[in-house]
Structure formats: structure tokens, C-alpha cells
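Have a look at these structures, which come just after this line.
The same chain A turns up in both complexes below, where it pairs with chain B and then with chain C.
Then we have the complex of A and B:
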């Protein structure tokens, strides 16, 4: 019963956010300067050709009509047609989503597998009084969390691909080619997560309930896994949605640096040439992904810590 | 206080326990040369104001002192086990089962992310090797012992679904799982409202009666302790100033600090128009210097 109410409330919230994203991406593109009809017809086309292009694209219709057509298309799975290639936008996205999805999954895995253990180990070492460690930890993660992703990407490419030639410098064909970009987008969020998890874990380690658990003299492994871990990951999970969003943002830039043919590269290119439907489609898709991940995080949080279910209603 | 330490009746024997801050020699010890003992089945109270060292003493006995504090003692003997020289590994089982801890804040002392059942059964699963089923049956009996209704349902609930009084009773039930010879309760009722306080105190006395567990009760409230304890130890600024039977305490304690503590507790006859008695800082300094010159 509690679960049903929780899921319904999350679903309603999700629906609202999705409507907002759809409306905003539409408005954003239509309020942006430039005339797509001119772009489609060509820079030296005469006024009549531009007018024909405008009618063909439906841009002569009033804005609300265009919006209704757009939303109607969405329900049929139709995101429009690319001005540049004349291909359906869905087709464009399907071709480019692979490398980006690969990057996002690898990046997220890296963040969790590196950031989380680093934070927990950091907390345990801090608590055991390793002062030098605390300083080194805060310094290095602080630095890592503040370096822009394109700098990290360039640095990694220079070191591992150019100087040592261990990994491919660019491309999106092989899994090896995905390693450097994945590391490049993961460094910042992993460092932020490690910092957050460390502080949270320190709190948990000093909490009365961990003292209770210590009084039971459980093996250290059980103390950490059963009593400390579930309480320190809630912070990380709550951050998960934001982290994923920053990951997507990072992917757009990092794909450029490594010349990967993914959604990010396509997005930037489409913005530059004014290919509105493609931009709209990709932004909508990324927005949906972020919102869905956030909703998923809420559900997982509800499982791990049932109090959040009641608090967040 | 000077009972024969080899006697079988002695459950806990603490000699010259001192607790100090690690690597800070300029800070005087927080607890100084504290010696006391507890007989089997006895209910003993430790009373004192905040900072008198009563909680640290109990944490030292249970080997749960926070990081950064160190202890030294000539002897801490619990149920035939040497708590000073012994290693954590050797003492795991005895401390995990024979000693039950009940902490001050029942809202914070149970793990919020785990079900009551999981928290209750892990001690006996670990130290007694009980199966999940046996441990659950024991947990249900244990919850019944502390008068919690619908115990089977409680095992599936989370701490935030229980009231404060129920949580504290659950803490006690959790301690009972290991059939403890000593229940160490640090301000077990301070965070609860008055009617629930009385229930919890009554429960501790009942358990002492029925199961024979000794209880070491720590509180700042001397009148609360004098209602249930056989003997009361008075601590002040890290030292024991008096260790006397409750009868003697009620007849009139010797130490001026103890007299002060008794005066500081209001009762129904206390004149509302007059400020409550307080113990001023420095009031007993002369006394301390006389005793420890």
C-alpha cells in the first residue's frame, strides 16, 4: 500500500517533468535566432524557394499548431525529420546512440567502482587518525573535482594515446577507444562522490547505531557491510541523478575531444548548422534519460532507506 | 567496596581505572583511579553530573571508548575474563553476549536502514551459531519478555515505525538475546517521557528479578536510581566520591556533593517559588583538594 502510493506519486511527478522538458525544448529551438527554412533552402536561394521550404517544414503554421503537431508526432514515435540529412530524427539518434550509451555506462560504472570505495576507505582511514591521509585525500579529490572535463580529456589523450601510445587516441569502434573518454568523464564526479561519501561515512561511523553494532562484536566485514554501508550509500544514491546529468553533459564535450561519433558530437554539429529537429530530439532524449534515472534513484532509495518514501511525498 | 575479589559473587571488578586523552599530556585524565565492583544479580547505579566520567567509565568497561581516548587499569575483570589484557578476538563472544548495552538515545541507537528482526538476531547468529529460524523464535520470545505486542510483526518493521519507548524496550530485548549476566544501561530513560521512563525502569528491575542479570544503571538522576538500586556509586569530576547502599544514601550521605545532588532533584513538595538548587562550579574544589592532596 505504501509502495503503491509512493510509486504513484513518483509517476505523477515524472509525468510533469517530462511535459516541461518537451515544452521547453520546443520553445528553446523556436525562440533561438536564425531561420531554418533559409538553411534548408540554401544560403543563396531566392525568397520564393525559402517560402516553399518554410511551408514544406510546416514553419508557416502558427506556433501552437506546430507544437501540437510536434507532440502528436511524439506519441507516434516520430521526432521529425533532420533538415540536414532528410532522415527521420529517430533514425539519426539510433545510429549515434551506441558510442554515447557505451560511454555513459562505462563512466557510471567507473564512478561507482572508484568513488564509493575511495570515500568509505577514506572515512575509515581518517577515523583511525591518519592525518596525512586526510590532507592528501581532500587535496587530491578537491583538485580532481575542479578540473574541467575537456582538460582532463586532453591530458589523458596526450599521455596515454600520444606519449605512451597505450590506447587509441580517437574513434568509437572498439572498447579500448572508450576507455580514455570514460575515464575523462568519470574523474570529476568520482572525486565529488568520494568526498561526499567520506563525510557521510564519518558521520555514520560516529553514530549511536554504529556504536550499538560495535557492542555486538560482529566481524569487521559484517559491521561495515550491514551497518555502515547501507547508511552511507544513501548520500551517493541521492547524488546519483545529478551525477548522471553531469555525466551526460561531460559526454557531449568529451566526445568532441576524442572524435567519437555519438549523440554529443551530433548535438554540437546540429546546433551549429541549425538542424532543429535533431537538436530537439537529442535534448529531449537526454532529458528523459536524466529524469528516468532520477526516478529510478528514488525507487532504489525507497528500498534502501524506507524513511525517504514517507518523507518525499 | 572491599569485597574479596576471588569470591564467585563478583561479576565485575574494576581497579584503578583511568581514562585520558591520547597524546595530550597537558589535559588531566577524564577519569581518575576509579575502583568499584558489581555482584551477580545486583542493581548498582552510577550517578553524577554531565562530565563526571560516568559514561566514559561504562564505555571503558565495555571496551567501546571513542577514538582518541586511552584507558589504563590495574584490573577489569568481567565474569572471569580479563578485559584489560585480553584481545578483542578472545573477548568477542563474551562481550557480544554476556554484556548487554542499552544506550541513551533509542531514536538513534537502532540502525535506521535495517529491520528490527535483522538487528536482533545477528548477535546470536554470530556468537551462538543459531539458525535463522531459531534466532527469530528467540527474538520473538525476547520481545515478549519486554512486553512488546505483536512481536512477529515488529521483526519486519523498521525502527522509525516504533515509538521511543518501544525502541528502548527493543534495545533491551536485543541485549537479552545473548542471555547477558550484565546489562549496562547508560541513561536508558533520559530521552523518554515520564510515564514511559517508569515502564522502562520497571522492566529492567523485572528482568533483573526473573533472569538474574545484574544491572549497572547510569544516570544523573539520583532519586530515580535510589528507587531501584541496591547500591549507588557517586562520581564527581572523574572520581568516585562515594559508594554506598541505597539505605545509607536515604539515611543521609556523608559527602557534601552527594547531599548537593539529592537537594538538586525537585519533588512534589519543592517550593515552586524558589529557584531549584544548583551545584555551582568550584563549590567542591576545596573538598577535592583535601581528599587528594
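Then we have the complex of A and C:
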């Protein structure tokens, strides 16, 4: 019963947010100053050409009709046509999603493989009052967590691509070209996760049930696997939604540093030239991705740690 | 009652001056303030006039960190960019503070429905991440300085709303609030004198430290080409140009990047020192020459002002009596 209520409330919220995002992206083009039809027809086109463009885009229809068409298109997987290239937006996205997805997956893997162990090791090493280590850990992760991703990207590119010439500075083809950008977007979230995991692990290590386990002479390896590790995973999972959003935002910027042809660079370029259908499509896609990941994290967290079901509502 | 929480001005400045990070960051901020006042025009031609004969040079005697793609001195130009980088960021954060503070306060004052829906909206907005929100706003408002300020302002608004909202909540449950109600302070009086004053303290400090993030966010928009447009220039824009010519003269990117970093650090450290200075509870936690004296003063102050507490049973009675 509790489960059903939890799922229903999550689902209602999810549906609400998805509708909000859809409405917002639809309104985006209409809120912006200037006439999209003129943009499409060209700045020096005559009135008649602009009128034709307007009819072709459906902009002469009443607002609600346009909205219904937009939503109907979404259900058919039709995101409209790019003003700039006259290609369907879905096609445009399909061509550019590769490098961004690669970046997101690599970045996520790095965060998991670096942030989590660093946090646990940090906790184990600082547990018995190694004050200098605690200062070093908090200081370095704190600094890493507050440097914006494009600066990290710039410094990384300088060191690895310019000074030592180990990795390519730009491009989106090979896996080598994805290493620096992935590190650049992963450093910040990995550092904040390491901080959180350390604090949480310290709490667990101090907790009565770990003391009980120790007094039962549970082997250390088992203690960590059965008690400490699951708790750290839950902590990280709770950060999952925020981390993913920060990865997406990071990708938008970091792609620019390394000149990768992904969704981020396309989004920025489309904003600059006023290619609204592409902007709408990418914002919709990224927005949905963030919201769905958040909802998924909530549900998984509910399964792993049922206490969060109560608190989350 | 609320004023007892504060130290005297002398105590506060003493507490502030005794922290080395506070002094160092203060000096850096002073230097930055001078740069903001000087502005781009304070540096003469070197920052703005291009010299194609000397484009993208490495460090030399004339140009300590070399020149950018248009032959302008990088170091001078970076200093000259300080004004816009900091002013626009401050404007954006100020916007977010006002709007977010109002929204957060209204949600906190509202009924359970308002709180639930408002909280969900804020959480969702925060969930998107600042960059995506900012890009959407720029797409609507248009590219340029105005759009960028508004974009960062909107992107930061949910953070301030969230902060104000939980701050008001935490103040509402303090003992002196119940005491004020018992004494019969009017609702508006409570709002002004107790909630308002206590929230304002923290809000001012948080606003100050958020300027650091504002600078970074603004320069990231400029970096994407969505922020300040030429002929105006800020650090983010210089960074973009620098990255394009990375192999020719990496300092074109590294110098503005370093100044962004230094500014961010200084603002954060200064904010921390400021927060410590106005909060007597934290004085004793700070290693300093004045520690023992402050501790003694604090102990004295505590001894003189016993915490006003209200019997929990009486408190519930009082709550029931109110609408």
C-alpha cells in the first residue's frame, strides 16, 4: 500500500514536470522577440515570402492549435524542422547525440570509479584522527568541487594536449579525444561525491551496528562489503540526479572547449543563430533525460532504502 | 533578544582581522575593487587597440604574458575585463537574491499546499542544473549582456528561494519566536523584527559568496558565446578566444582563467571570514591570538543572558490558541 502511494505520487509529479517542460519549450519560440517566419524567409525577403513561410510553419494558426500540433508531433516522434538546415530536428539530434552520450557515459564511469573509492578510502584513513590527511582531503576535494568545468577543461587541455602533447586537444572521433573532456566533466561531481561518501562512511563506521559487527569479530572485508559499502552506494545514488544534471550541463560547456560536435555545441550554435526548433528539441530531450533519471533514482532509492519513501514525499 | 546574538562591532572586526585568510582575501578583493573602478578605460590603448603585426605572440619584454590573436596585451586586457566580469555577475546574483528571497519567503509563509507545490517547483528547477536553465533563458531573451544577466539571475533564483525557505523555517522554531508570540508581538512585528532580521544576516553573506559562482557562471555563458558580446569583453570571452589559439599562446586562456579562479577563491574565503565574524558561536573554533579573550567574553555574555525557554506543554497550548 505504501509502495503504491509512493509510486503514484512519483508518477503524478513526473507527469506534471514533463508537461511543464513541454509547455515551456513550446512557448520558447513565441516568447522570444522577433518573427520566426522572417528568420526563415531571410532578412531581405518580401512580405509575401514571409507570409508563405509563416503558413508553412503553421504560425498563422491560433496558439492553442499550434500547441496541439506540437504535442501531436511529439507523440509521432516529430520535433519539427531545423530553420538552418531544413533537416528534421530528430535527424539533427541523432547525428549529434553520439559524442555527448559517449561523454556522459565515460564521465559517469569516472565519477563512480574515482569518487566512491576516494570517499571510502578517505573515511578509513581519517577515522583514527589523521588530522593532516583530513585537512588535505577536505581542502583538495573542496577546491576541485568549486572549480567550474570549463576552467578544469582549459587547464587539462593546456597540460595534456599543449604542454605534454599526450592527448588530442579537439575532435569527436576517437576514444582518446573523449578522455580529457570526460575527466573535465567528472572532476567536479566526483569530488563532491567523495566528500559526501566520506562523511557518510565515517557515520557508518561510528554507528552501533558496525561496533556490534566488530565485537562479533566479523572479518574486516565482510564488514566493509556488508555494512559500509551498501551505505556509500545509497549516498551516491541519492546524489545521482544532481550528478546527472551537472554532467549534462558540463557536457554543454566542455564540448565547446574541445570542439566536439555534440548536442551541447549544437544547442549553443542553434541559440546563436535563432534555430528555435533545434533548441526546443535539444532542451526537451535533455530536460526529459534529467527528469527521468531523477525519477528513476527516486524509485531505485525507494527499493534500496525504503526510509526515503517517507521523506521524499 | 535577537540582538544578543550579535557581538559588538569592535568584537566583530577583531574576530575578522584575526583570521589570515580574511585579511589576504580582503586585500585581493580590495585590488579587484580598484580594477572594477578603473574599468576598461583605465588601461589606455593596450587592452583594446589591436596590433596585427604582433598577434598571438608568446611572453616577451613588452608583453609579460604575450598577446592575443589581435595583438592586444593579454595581462592588461584581463585586468581591464575585471569591471564587466564582476559587475554583471553581481547584478545577476542581486536579481536572484531579490526574486528568490521573495519567492522563498512567500512559500515559507504559505499554507501546506503552497509549501508542497512551491517546494516541488523549486526542486525541479534546481534539478535541471544552472547551465541548461540559463541557456533556455538566453534563447528566449536573446544573446547579449542583458540576456546573460537575466539568465544567470533566473538560474540562481531557485537556490535563493530554497535557502530563504529553509532559513525562515529554521528561525520559526527558535525559542525566541515562541517568546515573542507569548509577549504578544504582532504578526507583522514578528515578521519584520525577528524573521526578517535573522534571515537578512545570513542572506547577505550567502549573496556575497554566491557572487563568486555568479562570476563563474557569467563567464561560462560568455565562454559559450551567449554572454557579453564584442566590443565589450569579460574573462569568459577572453577565455574562448584564448582556447581557440591555444597552441600559439596558451596564456591567452590561462591568464583570464587564473584570475577567475583567484576571484572565486577570494570571495569565498572572505565570505567565510565574514560569516565567522558576525557569528559569535564560531569565534572560539578559530585558531587565533584573540581566542582566549573572546572565549572569556563569550562566557560572560552567556552567563548574563540565560536562554529563554518555554515549557513544551505550554507551547502546544499556545499554538492551539492561534488560528
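Here is the rule we go by: the second predicted complex is superposed on the first by the 296 of 313 C-alpha atoms of A that agree within 3 Å, B and C clash if a C-alpha of one lies under 4 Å from a C-alpha of the other, contacts with A are read in each partner's own complex, and residues count from 1 in each chain.
By definition in this document, a contact is a pair of C-beta atoms (placed from the backbone, for glycine too) under 8 Å apart; a residue touches a chain by one contact, two chains touch by 3 or more.
No experiment lies behind these values; they were computed from the predicted model shown.
After superposition onto chain A, the partners chain B and chain C occupy separate space and fit alongside each other.
Working from the superposition on chain A, the chain A vertex angle toward chain B and chain C, CA centres, sits at 80° in steps of 10.
The partner of chain A that touches more of its residues, comparing chain B with chain C, is C. Contact with neither chain B nor chain C is seen for A:15 once the two complexes are overlaid on the shared chain. In the superposition on chain A, no contact is made by A:303 with either chain B or chain C.
Contacts of A:249 after superposition on the shared chain: chain C is touched, whereas chain B is not. Residue contacts after overlaying the shared chain place A:241 against chain C, while chain B stays out of touching range. Overlay on chain A (Cα): least separation between chain B and chain C is 18 Å.
In the three-chain superposition model, chain A touches chain B and chain C at no common residue. In the complex of the two chains, the chain C residues touching chain A come out as 120, 124, 127-132, 135-136, 138-143, 216-217, 219-220, 223-226, 239-240, 242-243, 246-247, 250, 253-254, 257, 260-261, 264, 268.
Against chain A, the residues of chain B that register as touching in their complex are 62, 64, 66-68, 88, 91-93, 95-96, 99, 101, 103-105, 108-114, 118, 122-123, 126-127, 158, 160, 171. Those residues of chain A lying in contact with chain C across their complex are 13, 16-17, 20, 24, 28, 31-33, 146-148, 150-151, 154-155, 157-158, 161-163, 169, 241-242, 245-246, 248-250, 252-253, 256-257, 267-268, 271-272, 276, 279, 283, 286-287, 290-291, 294.
Chain A contributes residues 127-129, 206-219, 222, 226-227, 230-231, 234, 304-307 to its touches with chain B in the complex.
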